[in-house]
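Before anything else, here is the set of structures, which you'll find just below.
Each of the next two complexes has chain A plus one more chain, namely chain B in the first and chain C in the second.
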Partner chain A sequence: MVGAFEFAPAIAALPFVSFLVALFVGRFMPKKGALAGITATGGSLLLSLWVYLAVLTSGDPHVEIVHTLIGVTDPFSLELGILIDQLSALMLLIVSLISFLVFVFSLGYMNDEGETGLPRYYAGLSLFSFSMLAFVMASNLFMAFMFFELVGLCSYLLIGFWFRADAPPSAAKKAFLVTRFGDYFFLIGVVGVLGTFGTAAFAGDGSFPVLAEQALAGEAAGINTFGFDPQTWFTILGLLVLGGVMGKSAQFPLHTWLPDAMEGPTPVSALIHAATMVAAGVYLVARMYGFYALSPTALAIIAFVGGFTALFAATMGVVKREIKQVLAYSTISQYGYMMLALGVGGYVAGVFHLTTHAMFKALLFLGAGAVIVAMHHNEDMWKMGGLKERLPVTYYTFLAGSLALAGIIPFAGFWSKDEVLFEALLRGMDNPIFLVAYAMGLIGVFFTGLYTFRMVFLTFHGEPRTTIAEDPHHFGWNMKFPMVVLGVLATVVGLINMTPVAELTGAHIEFLHIWFEHGGETLTVEHYGALLEQWAGYGAVDASTALVLGSGAVSLLLALAGAGAAHVLYNVPDPDEHTDKLGSIKTVLFNNYYQDEYQVWLAEGLTANVARGADTFDQGIIDGAVNGVSSVSLFLGDRARRLQTGVVTNYAALLTLGLVVLLVAVGILGGWFV
Partner chain B sequence: MVPSQYYLVLSAAVFCIGLFGILTRRNALVFLMSVELMLNAANINLVAFSVQNGNLTGQVFSLFTIATAAAEVAVGIGIILVLYRNFNDVDVTTATTMRW
Partner chain C sequence: MSVATTITTPAAVSNQPLQLGLGGYEAIAPTIILGLTALALFTIDSIAPESRNNTLLSGVTVVGSLIAVVVTGWQLLTGAGSVELFSGQLVVDGMSLFFTFIFTSVTALVALASHEYVGDRAYQAEYYVLVVLAATGMTLIASANSLATAFVSLELTSLPSYALVAYLKDNRGSVEAGLKYFLIGSLSSAVFVYGISLVYAATGSLLFTEVAATLSAGIDGSLTGVLGIGVVMILGGVAFKTASIPFHFWAPEAYEGAPAPISAFLSSASKAAGFVLAFRVFLTAFPIDAIAGVDWVLAFQILALVTMTLGNFAAATQETVKRMLAYSSIGHAGYALIALGALTGAANQPFVLSAGMIHLLVYGFMNTGAFLFVALAEHWGIGRTFEDYNGLASKAPVACAAMSIFLFSLAGLPTGGGFLSKYFLLIGAVEAQTYVLAAGLIINSALSLYFYSRVVKAMWIEEPAGDLSIEGYPTGLYAAIVTAAVVTLLLLPALAIFSDPALTAGSGLF
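This part shows the complex of A and B:
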């Protein structure tokens, strides 16, 4: 089909152009590169919308190889390609929308605040959007890995934007190293996939999920599983790739970089948390879901890591003092829910939560950014209070985002989180062990409600607790506009997939389910369902209407309970810090369960010692052998050269001696003297 | 006719005298002369075998050797001149600066 797909590469290329423009001529431009970025991401947004509509009308995935890096077919070829299907079209739309709004918001947050180094900022932001859009479009795992790394690099550049202070460069380094630790496994996974299947393509008959399925069915030849049982080997590969996912999506235990990443400018945090970096991990699992569906072990690990992270991060969010820290832990927790959904076989639920979360989390971060600007860059919630009357636009949009995050009907987060938990419950009824993951997710809902509304009440309600909060700084339309757009979306985007309502009325309004039922035959949700049933033993469970409604009601009640607790504790004119009542638990929570400490201990106490030992071995044994050989030859050479006296007579004597010896030897051997 | 063995003994004697000169003397000019002796020892051999075998190949070959020896002396004397210019001496044991 001629049309939208022809322009698909431009979706990623436009931000790249704006990256170059901002980098090289940004300083001569009126808004220091912001306008280039806004134009480019705006263009990407329109093109994404066009591509989305094209997918909607044609329904078929679009696969195209743009550039071949290494063209040999044996053992494998490396290509840059484009895969536009239902999933990537949706994700492109989300990423370009959030990027566009973040650019607009940055006009207010960065330009109007008189920050310096803006061309660098906008170049980084553009490159970030470019990397993520290209990652989303990637047609194979190898290309996905390349852009996955590029996303990590951009996060490093942007988190460390204020590099003259102490904390941001250190946070940037930490983000880079921790995600790199995960990416290391991802890299091995990519090599493993290429080595096993000879292809890394996501879609099509020759793609690796399809080959893996055929190998399990015993139909495919030429799959090298390195002596393992195919299922075991595919689990190992899946878990290796999962390492990268856990690093980027900040899942336990690689989540420690994310709260520190708050050192970056707030619009960057919005981009990282909603649309780019952190979303990349979960997106990757969804992208190769046909592969994960073959391995029940990998799925169970995904589900439990997700469920645990969801609860674990939520409890830490409850005690934080800074508004952005609360949001950081909520991000970790929410991505835990997505992983939980994907792990229990709820492909649509996971992607649905990814979509709604992108909207409300971007909104919350932009709202937090607005509050921070209003508070003259003071992030401590205990210094705020009473901002409701003074910043009404921010308050109402932020409230919409908070209601969505807490999962209060009918805001976006309710529908998606309810579906995640419902899928987990279904799986738990089939296999009781998943009830544990479900329970963790369910308890997390209570804490989500608690920390979300603690944040809202402390920031916006009560009496102003400082003079800055009494007279906050005002900001312009360029910060209000993105918040309003996202506020509307956070309210209504859940309506695309109202499963409980659909169940109750029988109307086919689960648009997201319907959306994912179309597309390439190996990329549809039915296909994934069949794979899950056949290979992972995820049998279909009949969901009665009562169960659907009951599950929704339980999660809603828990969210309301959390919000209610926050209301009782913090929605008073002059709230107290109730965290002291927690006693020693407070210390543990404030120290984030000592996650940083034990990881630093692992690095300094264990890895550093091993590295030191290896260094000694290298310097002493390996280098020692090499150096020893050289000193021995130097010594021998020094002795041997004494033979060269420079006196001709000596040479002649040696010659003669040699001749005589030769003669005698030949004579003895030849028997002359017998 | 004198038997070939006598010529060979003469040749060996001349060669050994030349070798003795090279091994014991320090004067470069004496060196040249000694080398000349050794070459001519070879020539004696060539001529002796030529006579014994009854063809002229060895004698012709010895003519070439004499010509080569002449050229070699020219080069050798040139080297000795340079040696003298640089060391004010023709003693071969003083010119040891080209070693390590």
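This part shows the complex of A and C:
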């Protein structure tokens, strides 16, 4: 199956072609570029499937340098390459699938609604898919950074798609700036990695995670750690890269851009949240897991931030009025779980949750998009109600997604979230920090159930609360088809890794674990486990069957409790706004714990003043110095010019004088007069 | 080569066994061709003294100097080696041919451009004869291998130059400039020849090689002072020719007062002649390792720094374009002096010297072109100040584009070879650890961009004055300017591609 890898670059190249097509000839095409995008991402999906099967059969990773940007080998070369292993093959499949479905959905959401500027929309969407696919395939950190930035740019373009209104451009700018803040650290990290190891490759014997491990073991020479202890330095590098991850994956405190990003078209939100931008951060941690596994400090920070974000965002989701806002906070919260998993050493659990979340979150966003279309672009859940009978396809698929999100057995989210929490519990039995992170994640499960079903009940159950909700707008197959596909997947995709069932029956059905046990020597889950044990002190913990089942039962019970609370409070014909009972807490929650306020203060109160000071310095001192230099130069020039008096006897005198000075100078230095 | 066959004198000393039976004289063929061109002009003038057949005179000069260019180029390419003539009084080697190429090229350009400039003024034949004779003198300077030959050929170059500067007999500025040039020139020649006598007193020889041999053997300690004064005075004579401070006083006025093609000729070719003499005398006759107690490298460092700084600073405040170019030409002499000032022990000496030679080559074209553009402006009679050039590009875009290439290349931007030649000089200065010179080069180049871009801004951006009009597009001037622009432009890729052979051009002297 060598053939498949030869076509691997086309997976990313196809959407790029459709980007060009949509941009330049989109306006002449019947669906304004949608068909080009559907064809391209469909092609990418098929190729991804082929590549996936190739990895499945061969098992070995495929590494190839496609193009060398700077061919100098000393101190390092910069190149664009492809790395296809178990992780990237899986991710390619997810990204191309979601992209394809989002394109199809957009036919209904954008074309049928008569939006203008569609070629721009499809061009942006195609470029987004291209950037993310290329990011996933990246063989080195430098290339990953390039496409990471391109992903950020595309999100800016698409969030601000409706640029004539006030809010979307502002939200786009915010998304760009906040993620860029994290990316500064990432950039320094990339430079640091290149400067330290002389390579940024992810995989292979000369890759930087392998070199870092050898350096810790004292085997590698020529690693420049800038005077730090190697492990300290690797922690610093890991945390710098983590800055970019926290920006893109919306981890506390850089999560504030994400709720605002809901201003973009809903299919874009689906793409951002499920498969592209937000996923990029977590994917990057998984991609260089061999490096993070060497640093217990970085891992602890990842885990703790993840656990905190999971709980923190879930509480905010409980009070939101707009359906997309609820989903936005849910995304932040779910990515927190993934980070928690990766931080506690649950590599498979993290990737598993990334996979299942991609399915059910894309589904929920598309469902929300369908509801919004039906409601004539009114997003307030308090204006909905009773849509269950009127939009049955949407309701049942949305319900499947919600059950998955809340983590109700046997939907996808249950299996992955259970595994995340189980891994956190295992680690927490060693170390109280992880136990706190686990506890936050566990409490977050309750709130997840609560806000998810509050959303379901407010939207679909009860009596219609407005006239629009009584007679919603209907839509075609192009919106239903993606929802059905994702609904099925959200229900069954968890079955690929049913750890509790495997524990009970002893059957080898943890397919994802098995999948990651194959592949390149330094990219397997066993290798990561060994690294964690040796360098991060993550010893093997003996997990009894009772613990596995108990953990699963506790999280399921909490999810059911949350859903039950939502049922009691909101599944009534005419629900009240129970949030009023919360009093001042409600105000705090509505204002998102004043996160925006302090960040705005940081930007306006602090940064703007520093910038003003710098401007004064620039205007006064730097420009003053420059202006001073030029006036002094002109003054001196004027003097130099006046030497030329026009009187030839002066010239002769000056000439002779000059010669004498030269003679004396050379003579004294040459010692003629001694 | 047919010219050389007429000479039947027996061969002088020749190191080259394979000489095509011409007795070694073919080695100085360019000089002979230029001399014959001068004779041909004399003949034409004596046949028809009153006629003003400018086209014929200009044509003969151009053809003669072009033949010399081709012959020089051919000799350069075939690698003539090193040939000594007249008992070692003259030497023909890579460096002399390299500079002969510069001189003859500039002569051809100037003669071509003079066709319209001279127009129907009186004494046309004299004009061209003086130009060719000065060029002949320059080629001899390039080959001079003894202090006596050097002095004679220097005078052969200078005397026609004085007359040429004063060529516009009815123009007060021209005549005054010629007189001042002559006075300062006489003083400098006196300094030079006195320096020669002191060196002769200390070493007992005039031949460069023998002077060097005597110095290597070691001279009486009491003579070090005599020798040192002689060396510095010879340096003074050279500095006059290169218009280096403090021997530069003639330059701004001579360049401004002279007919613009002559300014081009003096500031490019004549300056280069000064440099080839400096390179030859100081590297062959006074090698650094042989001459103890006379630190001429230091003297050149001082000279380079002062010259480039004062030249550029004075250029920054000028009001007329021609005088600005005159001062900038002094500044460029300072850059080229780096080639000698950076010959410290730490330096890659052949590299530094070659960088200086390359700069002079590029400079020969870009500076000649810039002065010829001024000649064009004078031909049109549009005025001399920066403001007078306002909006000129709307009338004469081709010439203004060429001028922009010259100016940016002079400033060291990559619109021409000037970028790379300055870059090589900078590298050489840094390698030699003469960081002051490197810093001076950078600072002065930055400053020079200011006054060069003033001209470009006037030509392209400013609105033309209401009555700006130009008459005609003189063919010869245009051809010369465009040729110079094309060569300046092509020198950039050419130097980049041939940087290896180009940067060993000066290695013959080490």
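Annotations for the structure displayed:
Here is the rule we go by: the second predicted complex is superposed on the first by the 629 of 674 C-alpha atoms of A that agree within 3 Å, B and C clash if a C-alpha of one lies under 4 Å from a C-alpha of the other, contacts with A are read in each partner's own complex, and residues count from 1 in each chain.
The rule is short, and it goes like this: contacts are C-beta pairs under 8 Å (C-beta built on N, C-alpha and C of every residue); 3 or more make two chains touch, one makes a residue touch a chain.
The shown structure was predicted, so the numbers you read here are calculated from the model rather than taken from an experiment.
When both complexes are overlaid on chain A, the residue A:T467 reaches neither chain B nor chain C.
Once the two complexes are overlaid on the shared chain, A:S631 sits clear of chain B and of chain C alike. In the overlay built on the shared chain, the residue A:Q644 is in contact with chain B and with chain C.
In the superposition on chain A, A:L662 makes contact with chain C only, while chain B stays out of contact range.
After overlaying the two complexes on the shared chain, residue contacts for A:L654 are found with chain C alone; chain B is out of touch. One of chain B and chain C touches more residues of chain A, and that partner is C.
In the superposed pair of complexes, A:S584 makes contact with neither chain B nor chain C.
Put simply, chain A uses residues 641, 644, 646, 648, 652, 656 to touch chain B in one complex and chain C in the other.
Taken together, the chain A residues at the contact with chain C in this complex read 630, 633-634, 636-638, 640-641, 643-644, 646, 648, 651-652, 654-659, 662-663, 665-667, 669-673. Every residue of chain A that touches chain B in the complex is listed here, in rising order: 641, 644-649, 652-653, 656.
Residues of chain B that touch chain A in their complex: 19, 22-23, 26, 31, 92-93, 95-100. Put simply, chain C touches chain A in their complex at residues 179-180, 183-184, 187-188, 191, 224-225, 228-229, 232-233, 235-236, 245-247, 249-250, 252-253, 293-296, 298-299, 302-303, 310, 313-318, 327, 447, 450.
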